[in-house]
Structures are given as structure tokens and as C-alpha cells.
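Remarks on the structure that follows.
Just so it is clear, A, B and C label the chains in written order, and each chain counts residues from 1 on its own.
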């Protein structure tokens, strides 16, 4: 399986709060992240607020520029070639309310200069059918559709230029529970039939478990663990991964008071802690954790699983 | 926050200086100069005398030089000499300023208080009959031209009912304050109605939006009664945008005052500036207009600072 | 709406008892029932989970329990707080009870807290209102309240404005506000939905801890079945304004009876239960401004027949404490 996307030591820093007489601070949204996505592979990016997962997704989609490091798609810089497309979280604000659905879906083709108007209309019609929307959807406006249907429109728009990689940023979070599975099934069907690679950003571990081949865990902009789906869920190595899995609500589990709950707040990406950024909340933290930042290393007896921890299991 | 205040104040002063330069140039673009007026009044002046007078008054020099010397004098406290009144400018404008200030301050205080109260009452039940009445009144106030309102008031209250005097020209500066109020009632009322119309709409709109906020629902969930919810929780939030608008409009009260002063014969700033411009009394016009500019700048500054003080999220810059 | 309330003799009345609650609005001349004949009760120290999707009426139910339903809504039925009937009570009676006997926590702590008032004052205000304390004393107790919900440096935090606190801290502050007067009932509307997963766990822990300490009944509303499963003792499943199933938590998950409940549980991805393709509930949640005849779920139900579409099922007792509103459940 060849490598489609190669991210190498990528950093994304933002300047915040700079005024006339103030130097401003640096918000380290993504810090030295390296990972690869292969063809037809689904990599999930998991993390909480400040993890940088959304920023990372936006860089891959070409919406942000990295401050340092390289992002290469098939060996070249990311360009607007329609090969990488994005689906956003909020179906209500992702579609221009003044455009007809047909125009919304056709827009990537129009911007890429592909085909005649008639050809584009035909492709739109085919796409709308593939995402299981009613045939007359192209002539209606977004507000006439429900949240789940709007997300399908967004997916149609993302797929019409025949991309190879889709970045999906929390595509299910804004939908009703009974609709989430419909859209999730659709995404998986399309992914399989079109052999798409998928960068799936989510905080919902149950969904991630269903769809991902590999999972990357981010904390405060750093990649703390990356592993195959089954390995990550059954034998997490990094304490943060373990904490995330413990905290995720599960049907049938009763809330036991306090025992395994992770303490403390998520630090600010403007003022990250020293050494290992997780040390302020880590039950295993010792002096070395406070002073030395751990490096992402492969686990000796588990191929494909990497963790950045001085005490990884 | 104080570094913010210092920066804003420095900004305001800078703008004031630039404005004074712009104003000076604009006024000097007016056709004619003070010497022309004297010429009109005294056609027998010889060209040599005219040239001499021009030199005396310094009007034959280029604008920049004149501006610079004017600015220097001003910095030293000398505001210049009025050619039409034959008095220092300060002696001309100070009494006018006093009159106008009384008018503006009274108007501002009454209109702000009344509009906050009425706007809140209207917002409590939007679409209800109370709201409809108040909104209609506000609309009527904005739509009615000030001079027309002034005329109506004069006709009804001064002429027909004879409750108050019609004109303030008989104003004696040594009169007691209460007596003076009789003369000010109609002009203040006229000016108040106009600004109140605007303010009521701002307050009402802002209050309606605030009352829809989540934290108002939380306040009610704590068992607070309607009055406490409005006065303690909603009001401060609702006033944040309104206060800035009000502070900004304080400056424009001065131009509104001009019309009212004319209608009621009050010897205020508006009249003084108008006369000065018409009679090409350079110095008075300059100081008068500059003063109006300063008022507006000051109001802007106060608005910015007030905004920072009212909303704790803003002050931390 | 028939429901038999089985009251053990000589026991204290439940902290909250809701009977046949209906909230209706006039929309363009027709009457729309957003909440329709809802009944449940919560005993002291117990947690009732109310689960459902958008439009099911769970939020409106919780607002009605607090007397905060919109003024143009018609509330009928029975709401008893510690035995006292509140439907039809004066606004004064409601205001006395809100914050003191029943309190509420909302979903978005950022917008639910007054941005221009300090946290300490927002807590103190409840104490001044209901406990008749002076402001100084109320403020001291407010600091204690902040400490009891696990906020570090509470004396300093009390002087902060909401925007200075993180999301988790704000939600703790909201809980402190709600519990300041030790109410008998805490209504929590999606309290952790806007929080990160690890912070959600902390806040859920806190709520359990506070319940153990103060003994209040909790009405916990959420669309997240997994969260409800972790915290609720009994669960009420709502759909399109009606209760479709009501059971103790364990019972609901081991043997869900209503097709909607089953569909909901099956449609969730679950790491313990691997499927290639998630089962799906077809269609979408219905709009409420249509005249319903028959079961409101019939349009999406595999088992629905003409009888279902014609006659609306009543909530009936199926097993111990397990109530279902469905014609197709074998009784």
C-alpha cells in the first residue's frame, strides 16, 4: 500500500494577542507531528480541546499553512487539485444558504474547470443519487433539508471531484443519534466503493472504533500515541490514551466515583507545561516527565504501535 | 487598562490637532476675509490702507504660516480676537457655551433616563400594547423635524396657554436658576424628544436581545423575580452597546442644539458659530467649530473607556 | 393517559412527581403538543435519565418542571415537588421554589452564566434570595460552595468573571449555583454535552458525589444513551413528545422492549459489539405540528401495522417497574 499523505515534523503556530505595543504570544496548535496515511486507509485523529486535531485536518485539506515541517501528498506539496476534500462538522453553516444544492455540489467542478455545464449537471445528478438524496434535491435550497440530509449534500460536494483523500472533521457530532449511523454507513460505503483514504477527526471513541484502521491520539498538539485500531483499544500504551478510553461513556458501565478519572484541566496551548505536556495530569509523572519531552518511539514487541512516554506500557 | 486609556487619550489629542489643521484650511477657503467686510462697511478705504490692514491682521500670509501662529497662540492660551464683536473670542464664546451646555446636559440626562426606563418597559412584552405605544411614540419623535416640534410647542405652551415664555432673548444672566428653568423647558423638551426617540429604540432592541440570553433563563431558574432579573442581570448587559451609542450621539446634540437655539432665541454656541461663519469672523468660527470637534472626540473617548469598564471581557486588552 | 402510581404507605412523597404533563402551543391556529402526557417520579437520592433526540420534548419537560416553560405555552397535568402541586401555582410560588427546592443546570456554561457578574456573586445571589443572608455572609458561603465542587483557589475564583474559567470549571460553578440552597431536585439538561470527554467524566463524578452528600433527586436529560447509562438509576425514553418506555437502567439495556429503544441501542457503534454495518432507524424524527393518529413512531417502525397507525398506544406495565407504550410488545 503506497503512502498517500506524508506529514513530517509538522508545526502549526499562531500568533495571538499582538497589539501595537504588545509582542503577543504563540499558540502552539500542532507541535512536531509526523504521520502517514496510505491509500484506502482510514486514520482517525482523536483528542480533546486544544489537541490540534482540527488544525491538523485543516492543514491537510489545504486550509492552513504549516509553520514548520512538511506535508506531502503523493510526494508533492498540497495544491488545490481536488484530490483532497473536506467535510465539516456543522452541516448548517457549511452550505451557503443562498445557493441551490445543485450549484453547491457542482462548485468544486466549476472551480477546477472540469467539464461543460451539462456534464457537471449530470455528475451532480449521479452524485446526489449516490448519497441517497431525493432526485429533485438539486433544485432546492439547503434550509429545506434536515441536518442529516445536509451532511449528505456536504459529502456529495466533497466527492464530486473524485478525490483520493477525504478529511472529515467531526462529521457526525452535530447530528441526531438515530441519523448518525445512517451517515456513518454512507461514509463507509462510499469509502469502500471509491477506495478513499480518510482522515477522520473525532472525539467519539465508539465511532472511531467502528470506522478506523489506525488511530492517532493527540494531546495539546503533540502526537502521543498511534496504533492499529484493535491494538489501541485493547492495549493502550500511553496513559492519556488509557484515560480517554476509561472516560468514554459506555452502555452498561456504571459511574464509579473518582477512581480512574483523570484529574486536572487541559492546559493552554499558549502556555504548555514543560517536559512532557501531559505530566500535569498524569498519574505516573515523575521528575523526568517534568523536564524531558518524550519522543515518539515504536513499542518493542508491537509492530505499528508508537507512543511518546517515558513509561509507556 | 490604564495603558489602553493613555493610548486612547494620546490618539484623541493627535486627532484634535489634525482636525484643527483641516478646519483652519477649510475656513480659510471661504471666499473673502475679514478685511473685505470692513471694505464693505467702509467703501472709502484706499487700496493702500486695505493692504496695510491686511498686513495688520496677518491675512496676507500663506495658510501654513497663519495656522502655525494661530496654533502657537492657542497653546499659550490666547484664543484670538473677534472682528465682529470687538472682544476676545473667549469673551464671546464663554457665555454662549454656558447656555448651550445647560441645554445639552439637561437634555442628555433627561433623555437617557427616560429612554432607558421606557425602552425596558417596552422590551418586557415585545409586541404588547405598551410596547406598541412606546415604539410609536419613539418613531414619531424621530420623524418629526425639530423646528416643527418647536413651533408646535411654542404655539401651544407659550402663546396659547402662556405657561412659559416664548423666547429666551430676555434672559438675564443674574436670574435665579429656577426662573431660568422656565425659559429652558420648551427647548430642552424639544431636543429631548428627538434624542429620546433614537435612544428608546436602541434600549428596546438591546434589551429584547439580552432578555433572550441563556443567562437570563439561569437567573430566573434561581428564583429571582422579574424586576431583579431585569435590573441586576439584564440591564448592565443590555446597556453595553447602548451606552457607547449614547456617548457618541452626545456630540451630535450640539448640531441639534443649533436649530433649537435659533427657534427659541437662545444665545448659544450654535448661533455664535453660525453668525461667525456668516460674518467671516475667522477666529470665533475656528474656535467654535474646534470646540464642537473636541466635544465629539471626547465623547468618543468616553464611549470607548465606558465600554471597557462596563464589559469585563473587553478591558483586558 | 392512564398510569397507576403505586405509593408505598407512610413513605415520604417522591422528591419529584410528574403526572400527565402536557405542554402545548398554538401554532397558526392549531394546537401542537410538544410534551404529551408525560409521567414519571424520582425519589430522593435517585437519578432519572430522560433520553431522546431533538424534538422529543425532553428539554421542554425539564423547563416545565421548573416552571420555566415559555409564557405562551399551556402547561397542564401535575407536577409535585415534595408533594406540593405546582401546576397552576402563582409566579411567586414558582419563584420561591426555583433555586431553593428545585434547581437547574444547563448545557452551555459559557452562555448560561452572566458575563458581567463575578462567579462569587452569582452564587451568593441565590443564598441572599432564598436564605435571607446578608451579602457578605452569602459571599463567604459562595466560596465554600466553590470549594465543595472541586474548584481550586476558590476565594480567588469567586472574584473572577465567567470567561476566565475553563469549560469544566464553569460547569462546576453552575452546579455550585444550583446546589447552593440544597434543593431537593436537580434538573440537569445536557450538562456534559459541551464538555471534553475527560472533563465530562469529572463532572459526572462530581454530580454523583454531590448526590451522595446532599441526597437530592436528579433529573438528567441527555441525547447520549451511554452517558445516561452510566449515571441513571431509572430511565425514561421519549419520542416526539411522549414517553415510549420507562424502566430501571439495567433492565432497559438488558431487555429493551420498545422498537425505538431497541433501534437506538443497536444503532450506536459499540466496541464490545462489532458489526460490519450499523443497523439504522430509517427516516427522521417527525415534526410535531401534524395531527398524529396512532403511534408516533409508526412511520419508522418495522413492526408497525394498521392498528399501530390508527390507535395511539398507552404506557402499560410490562414487567417489574418496566413500562412500554407499544402494541407490538407481547404482554
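One rule holds in what follows: a residue touches a chain if its C-beta (ideal position, glycine included) is under 8 Å from a C-beta of that chain, and two chains touch if they have at least 3 such contacts.
Fair warning: this is a prediction, and the values are worked out from it, not measured in the lab.
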Neighbours of subunit B that also touch subunit A are C
Looking at Cα centroids only, farthest away from subunit A lies chain B
When A-C and B-C are ranked by contacting C-beta pairs, first comes A-C
Rounded to the nearest Å, the gap between Cα centres of subunit B and subunit C is 55
Separation of the C-alpha centres, subunit A versus subunit C, in whole Å, is 32
Residue positions on subunit A within touch of subunit C in the complex are 48-49, 146, 148, 176-182, 184-185, 188, 203, 205-207, 209-210, 233, 243-244, 246-255, 257-258, 261-263, 265-266
Contacts from subunit C onto subunit A in the complex sit at residues 53-54, 166-169, 196-202, 204-205, 208-209, 212, 223-227, 229-231, 253, 263-265, 267-272, 277-281, 284-285
Seen from subunit B, its contact residues with subunit C in the complex are 213-215, 217-225, 228, 232-233, 236-237, 240, 310-313
Interface with subunit B, subunit C side, in the complex: residues 66, 68, 92, 95-100, 103-104, 106, 108, 111-117, 125-126, 129-130, 161, 163, 174, 177-178
